[in-house]
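Note that chain A is present in both complexes that follow, paired respectively with chain B and with chain C.
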Partner chain A sequence: MMDIIFMVLSLFAIGGALGMVLFHQPVHSALSLIVTIIALAGIFALLSASFLFMVQIIVYAGAIITLLIFIIMFLNVKESNLPKEPYKNITLFFGAIALLPVNFLILRAFLKLPMAHASLASDFGTIKALGMELFETWLLPFELISILLLVALIGGVVFGRKEEEA
Partner chain B sequence: MIAHSLFPYIVLAMILFSIGLLGVISRKNIFVIYMSIELMLNAINLLFVTLAHYHQSMASQVMAMFVIAIAAAEAAIFLSLIVVLYKRKKSLDSDSYKALSQKESL
Partner chain C sequence: MNAILVSVVVVNCVLALLFSLGAAPILVWIERRVAGLIQDRLGPNRCHIKGFRLGGLIQSFADMLKLVFKEDFQAKSIKQSFFFSLAPVIVFASAFLTFMVMPFADHLVIGEQTFRMQGLPIDLGILWFLAFAGLSVYGIMIGGWASNNKYSLLGSMRSAAQVISYEAAMGLSLVSILITYGSIDLVSIVNFQGNTVFGILPSWGIVLQPLAGLIFIVTAFAEANRTPFDIAEGESEIVGGFHTEYSAMRFGLFFVGEYVAMSASSALIVTLFLGGYHLPYFNTQILHQHMNLFLMAVMVFVPLMSLFFARWIRRNNRFSAQVDIRNRESKVLLKVLAGVNVLIVVGLALFLIMGLGETGVHIATAVIQVATFAVKLLLMNFVFVWVRWTLPRFRYDQLQDLGWKVLMPLAIMNIFITATVVVVFGV
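Now for the complex of A and B:
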């Protein structure tokens, strides 16, 4: 049963990713990226990361991609303003060939790991376990992330204001 | 018994990262480049979660959550930058943003 779920989810993930790269219109690309992200959320659930499963759906699919689709619709890009990409398929083909040896090396490195499916503690991946780890070991990075988000907020305001006449 | 070994998850993360990298190098539409970067971040997240399962440690899941937070900050900056540049250039071609590397041309 787990196998079938994993196969279906990974097929959706890879199909959505390929669609994202291949579609010409940005809206179609964004919609197929949502398919990939929700499939990845399901795979997080398979790996018993239940809190990250929720975060992936709420933050990624709910906030980031929605913002992206909102911006795409807000700009209302005409077909004539889209860049022409005459060499897209050729670059994709040769890029895929060039990436094959790299991927082979990565696979060989990971094959050396023993890949047993360990039995986990019952609270693994829950919000409590993650919160304990976050606030005991990773407190300083957590505060730094909040500063980063504040800087991003200020940056968004600075980019979004009206330009003064120079 | 595919899902009971961790190797397929790593293969899936690798495939998604490769597709994202291909998207960055082969597309010119700035939105698709942004989405490819998001796809690569997601693939790295999948790798983090897989290794969290392998080592039975929550530290990699915390790291994956940091990656999601950084992706949110990146989305805010990247998209507002795209809006400003599209208003000036009326184009989504990433080549037309070369002006960012020169001081006076905007």
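Now for the complex of A and C:
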């Protein structure tokens, strides 16, 4: 049962990712990205990481992609204004070939993973366990990432501000 | 898998369906009758089946039938047929999913087993609501975009901007609530509210966190796209907004989805701030201890209320003409009312004489809590309707100002205050 759910979710994730690259219309690409993200959330749920499952949907599907689609729709790109992509298929083909070595590496890393896994603690993936882990073991990286985000936010505001007329 | 498990799950599913989907016709009815009341007119009261009008409730079913049998028209200019049909489905499904985690009663203990009284028995609570409430905006955006119509696109843009801005304030107001309750599980949140503070007030969320409550209720109105935040539709400005091009059942799904979303928001407000399924001053333990007294009170209270209701029917639902078909409704209703009363009183008396036993007490508690939840849900839905017909729509810039410059700073301030109080007093 779990295997079937995993396969269906993975198919959706891969299909969404392919659609994201292959679709011509930007809105279609963004929408297929949502399919990938929700499928990934489902895989998190399968791995009993319930907090990540919810946060994936809230943050990525609920906020970031909404903003992305909002902007794409706001620009309201006409069909005729979209760039023509005559060599798209060939580019994709060579791109895929160029990525093959990376895939090989990932596959090797995957095969080296220990197959026998210890059973998880009962509170694995819950908010409390995750929060304890973050704020005890990983406190410094966590705070550094917050500062990075803050810097990015301020940078965004500075760049987005209209130039004052001299 | 045993019989008790299956029956509890079935009861939960039926309850969740009743409170969300089944509530839609009733909410439509409340909406129109309250609109009538506020605008000093009657509202729909003519539609009937052999004289049965039920105060106009039949009108809602007639409307639903009309939507089902209408021509499903689609303009030729709509190229994205798939997305056009997908949009109402997303709105409806996400509204429906948000309702599934609302607890109707405390954990039900039957023998050795404990059951969660929710549509979906999971403890993700608030996060689940936030996730699927956030997804519903896709339906509105895709619908407006696929309609290939200026007004539709304008409506969906407005709606998306509004939801994005208000989700921030909503999330921040929820943070202070989570600090207070220390859990995201809705059942433990409600059980936290079963006690009293200062010995007199029930420790409901609205008492402990009045500011967060206010912010959350305002943002919940915005999330449900209800007036004064209904700029997504804004019929006096942009025709019908995102659903301008929709007709028949595809419009019906938007329409029902809106009411289900409203019901889900009300359910969350009730759960977080108004004590959920608890009667004030009677938490689950007290109900367990004093079940017999409580049943006796119900035995006295229900016939008394029915008596008043019967007198009201006799006074207001009587027509002078002998052949008036509407008089039949009063007669039948009075008989049904008397029958229900006899059933309740005799049944409760039997229970009291024979003794309920532990399982019986637990089930009776669950029934009382479900009823309490239903009454609170209806009252909160009434508030939604009341606000809709009292306040005018916000202008777009006012709405954004309110969201970013008032609600968000207030929510952040509330987080600081709450955190300080919790740390200093160690509550």
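Note that in this section the second predicted complex is superposed on the first by the 155 of 166 C-alpha atoms of A that agree within 3 Å, B and C clash if a C-alpha of one lies under 4 Å from a C-alpha of the other, contacts with A are read in each partner's own complex, and residues count from 1 in each chain.
By our rule, a residue touches a chain if its C-beta (ideal position, glycine included) is under 8 Å from a C-beta of that chain, and two chains touch if they have at least 3 such contacts.
The structure presented is a predicted model; accordingly, all values stated were derived computationally and were not measured.
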{"item": "Partner chain(s) touched by A:I127 [first = chain B, second = chain C, both, neither]", "value": "second"}
{"item": "Partner chain(s) touched by A:F110 [first = chain B, second = chain C, both, neither]", "value": "first"}
{"item": "Touching partner for A:I154 - first (chain B), second (chain C), both, neither", "value": "neither"}
{"item": "Comparison of chain B and chain C by chain A residues contacted", "value": "B"}
{"item": "Contacts of A:N76 with chain B and chain C, given as first, second, both or neither", "value": "second"}
{"item": "Chain B versus chain C as contact partner of A:V8, first or second or both or neither", "value": "neither"}
{"item": "First, second, both or neither for A:L67, with chain B first and chain C second", "value": "both"}
{"item": "Chain B versus chain C as contact partner of A:I34, first or second or both or neither", "value": "second"}
{"item": "Partner chain in contact with A:L139 - chain B first, chain C second, else both or neither", "value": "neither"}
{"item": "First, second, both or neither for A:V55, with chain B first and chain C second", "value": "both"}
{"item": "Chain C-contacting residues of chain A that also contact chain B", "value": "51, 55, 63, 67, 74"}
{"item": "Complex contacts: residues of chain A adjacent to chain C", "value": "27, 31, 34, 50-51, 54-55, 57-58, 61-63, 66-67, 69-70, 73-74, 76, 127"}
{"item": "Of all residues in chain C, those that touch chain A in their complex", "value": "83, 122, 124, 127-128, 130-132, 134-135, 137-138, 141-142, 144-145, 153, 156-157, 160-161, 163-164, 167, 184"}
{"item": "Of chain A, residues touching chain B in the complex", "value": "2-3, 5-7, 10, 13-14, 17-18, 20-21, 26, 29-30, 33, 36-37, 40, 43-44, 46-49, 51-52, 55-56, 59-60, 63-65, 67-68, 71-72, 74-75, 77, 81-83, 85, 87-88, 91-92, 95-96, 99, 103, 106-107, 110-111, 113, 115-118, 120-121, 124-125, 129-130, 132-134, 137-138, 141-142, 145, 148-149, 151-153, 155-156, 159-160"}
{"item": "Interface residues, chain B side, partner chain A - complex", "value": "1-12, 14-16, 18-23, 25-29, 31-32, 34-36, 38-39, 42, 45-46, 49-50, 52-54, 56, 58-59, 61-62, 64-66, 68-77, 79-84, 86, 90-95"}
